[in-house]
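Okay, so chain A shows up in both of these, paired with chain B first and chain C after.
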Partner chain A sequence: MSSPSLALISSSTLIAQGAEAKVYKAHLTSNHLEPPVVLKHRFQKGYRHPTLDGSLTRARVAGEARALMKCLRSGVNVPGLRMVDATEGVLGIEWIEGRSVRRLLPAGSNEDEGEPDSEEKPEREAADALQEYGISVEVLMQLIGEEIAKMHLADVIHGDLTTSNMMLRHPTSFNSRNPNLSTELVLIDFGLSYQSSLVEDKAVDLYVLERAFSSTHPESEPLFATVLKAYEQQMGKDWVIISRRLDDGLLCLHARYLLGTNCSYFSASARSQA
Partner chain B sequence: MPGRVCKDPLKNPDRPYLALGLEGSANKFGAGVIKHSEDGSTAVLSNIRHTYVTPPGEGFQPRDTALHHREWALKVINDCLAQANVSIRDVDCICYTKGPGMGAPLQSVALVARTLSLLFNKPLVGVNHCVGHIEMGREITGAQNPVVLYVSGGNTQVIAYSQQCYRIFGETLDIAVGNCLDRFARVIGLSNDPAPGYNIEQEAKRGKRLLSLPYATKGMDVSFSGILTATEAYTVDKRFRVDGQPRDPNNEDFITPADLCFSLQETVFAMLVEITERAMAHIGSKEVLIVGGVGSNERLQEMMGIMAQERGGRVFATDERFCIDNGIMIAQAGLLSFRMGFETPLAKSTCTQRFRTDQVHVSWRA
Partner chain C sequence: MESYQLPHFPAHLSYVHAVLFTDVSDADLLRMRLITASTAEGIDGERERDALNFAFIEARLITSAAHLKAAIYQAALADAQGCLRTKTVHSEIIYALNPTHNISEAMRRYGVSDATTALIVVRVTGPELSAEEVKRAMHAVVMGTSTPFAELRNVTDWAAVKKYHKLANETAVRGAQGDLHREHAVIDEIVISSTAMKSVMA
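Let's turn to the complex of A and B:
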């Protein structure tokens, strides 16, 4: 192992692997009392020409780091940046102690969609789990809406909003500044993110989340209205045009392109009442 | 889904079934006869194709292509039946391409199919071209439930089966990958015989230099028009040498047509393999099937093979007989739906330029 980043990876534990990258838990120093970090390694793809592969990896790691920085500066809850090695394709980010929202909502624990999760612990009841975090499902939905709105106000588009890509910090490892809230919602995995101020991009981001909700948490689907309500409050005047775009038939066309589904379009009137 | 075995609703036939398939959605006219036996096996009795080849630098126009199909239809169908050694009276149904494709050529073929149907009193089955490709690919390779990459001159889609529907996971946002390659072949004056894509592939083998081109994937979607423009722009670069020889023997910095073909192929194929891999990770499949004309490109098959190997899976591909548009795939997909009781009544035996893969009810699969 020539590069220090790769040496670090070889001494860490693999926790997940997706199509793009392998995710490790690592310690940056020899002091294991310090909090660990997450290393996301975009490994080399054998099928790609090495030159092309190198430049793509560099651009993507840098892009992800840039999106995280932009979010951090704008006060969006995302993992802190710990290290960037664009040449080797390694991104080090803060280790979040907690759980993904997908596992905290009912019907979120069966593996019918999404990348394989590494945690294989048998699931406790989702409601019990949420109680542990001291919030109700409604509050959780509100937090989701607020966080996404904050991100969109910073002109960052996540590109892959699902409940797997949101986490709640565990109360025991989190010092909340808000006395009414013992936890915090954190958006993770900015691998497909990009910067845009276009209303359409924001609307598509929301639409992708709604699709993810209805497929992974069919029971919680009505609660999505709470997400949008919180989003609306946080967004202020921008909401009017975004909601119009969401209702627009244009999005239907776009969603067909983006999601490859024949749009059995969600009811526009139901949304405007929400 | 791995571990879950469902029985296909399609029963083995009580007698042998024969179907004639007619295809002509682009510049190939194809006819084929397929046989489904009582034991569930399938045999290709004949598969004949005639391609409309235009001079270098020119594409095929709908009107001229339709004319070509009308000229060749009867000869190809006669040859096809003779080779299969069956009479048209023996076939159970006549399958034709309903869409998607070019309007005029589709209409010519639908007309031939309708005429045959009336003359010999045979039921008609309208077939979705993309589903034809998928079903033939599955039949030839034996792939069970693969992620399908369908790449041709008119279509670019990543498809997976779910609940009696071939769902599109990702696709091109503008032009098809084959269209991108063909149009670039036109720009540098490559021959259209046997196919512009084939000549690009041969030319690319001599390319050495990877030039920087845009790389446009977005989630599971891709876009090619910008890449085509960027590659074309290199042909007016002052370093570009049409003859592939440097102006000055000491000058190493020059670009040849082979370099451009190489760079174009490497870039667009990397994009295709990337979105296919993403779809495989998404649905947890380890098999990938490549169909469509571009699927006969060996470099694409090689890249897909490396990706599949890295994931512990495998790639299925066919050769030009079944990759490039042909009549037998229409016969195969048509006969499957015919055996499930599907027929297209004469009054509805139209064709359409827009017919998405996911609009078809795949009744013959569980």
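Let's turn to the complex of A and C:
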């Protein structure tokens, strides 16, 4: 039996590839006037036993779809779902017209994105690009903080917060409710996400982002304080505990980040604190 | 009538035709006819089932054409993969629209009922049937006015959609309160997404 999803993929355009999945731009129907979709295909891993591979893939596709759904219901800006084929490991997601934050910030435009950007004036280019979206770097940082806070309030942990996994919607394809804001920040790629209400997990999410900032946008690093400020305002009372974790627990968080969240020592310590 | 193709599907599932009927006057008769046809025996039974071989969908619970298309896509996918939960691709569309796994509830809510006045009729078929033939067959069984899908927004019963999808207390919907246009857009997105992901719903 030939699979419709694999046939669909073979007629789609590859736009990105990682170790876990390939990402395509596709049209689900013959009507190409309809908006395209992003297809995320968790392809078969030859190094795993086929039975295990199948059940892992199904579980991960389901997990990613559920995380997006939880975010949608909680008012977090994420792309909507358009189709799910867990058997083949394919997720069809809303196409977002816009650009990743990584490419909109200084020093973020010339690495592994495959764009032939000139490397001479990345800073000015980024500033020009942001202007196109009608916001300042400062406002962009606030949007990041707010969106992450909304996600954490819904007890969704992203698991891979980087500036590549955030996009700004292009003003021409976005109807804003707010006259002072012509764009919207969208969180993408929930492939490593999970549900948790533990402050440790939320703090690790922020810690991962901080690390990403300092390595990919060294010049923007001071602005990370703005992200945290906006996060704090949106979070309310939960912030106090999370910030304490962030401040005095960096080493601990780093260990947790490296060891993964299933490490029993940390879960036990978290439970005893609750 | 809206017609489109699913070019990546097996031939017999690759053509989709849909009509929105408003001012439907014979919903009760249609429902009786469907019930009788489902158990009728012999050649007459076959002929009757053939004449009624469509998905009859309660239009007031559909938020947009994209919502309908998401359900059709998932139903066709289930059929192509040999994992239909119901008997045909048409009943599967109705099953896909309902947020729970209860089939009879899906039929009761999203299928035709005696009170139905707006109906979406869908046929998933192969290239051998022309759009014109399908249209004629649909008009032969439904008494109503064929209406462009752009009018669907005037048919949607948002309160019922919110109730069936349990959206009243969701942060996203409450956040859009007071701005009807915005609220409908938020609900539409949630409904499309949950229809698309029903097969892996928690």
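Just so it is clear, the second predicted complex is superposed on the first by the 235 of 274 C-alpha atoms of A that agree within 3 Å, B and C clash if a C-alpha of one lies under 4 Å from a C-alpha of the other, contacts with A are read in each partner's own complex, and residues count from 1 in each chain.
Just so it is clear, a contact is a pair of C-beta atoms (placed from the backbone, for glycine too) under 8 Å apart; a residue touches a chain by one contact, two chains touch by 3 or more.
Just so you know, these numbers come straight off a predicted model, no measurement behind them.
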First, second, both or neither for A:K25, with chain B first and chain C second: neither
Contacts of A:K229 with chain B and chain C, given as first, second, both or neither: neither
Partner chain in contact with A:H170 - chain B first, chain C second, else both or neither: neither
Which partner, chain B or chain C, touches more chain A residues: C
Partner chain in contact with A:R244 - chain B first, chain C second, else both or neither: neither
Partner chain in contact with A:R211 - chain B first, chain C second, else both or neither: neither
Intersection of chain A interface sets (partners chain B, chain C): none
Complex contacts: residues of chain C adjacent to chain A: 4-10, 16, 69-70, 73-74, 76-77, 80-83, 167, 170-172, 175, 179, 182, 186, 189-190, 192-194, 196-197, 199-202
Chain B residues within the chain A interface of the complex: 157-158, 167-171, 173, 210, 212, 215, 218-221, 266-267, 270, 273-274, 277-278, 280-282, 284, 303-304, 306-307, 310, 356, 358-359
In the complex with chain C, residue positions of chain A that touch it: 1-5, 7-8, 11, 28-31, 58, 61-62, 65-66, 68-69, 72-75, 80-87, 92, 154, 177
Chain A residues touching chain B - in the complex, by the definition given at the top: 18-20, 45-49, 51-53, 55-56, 113-116, 159-160, 192, 257-258, 260-262
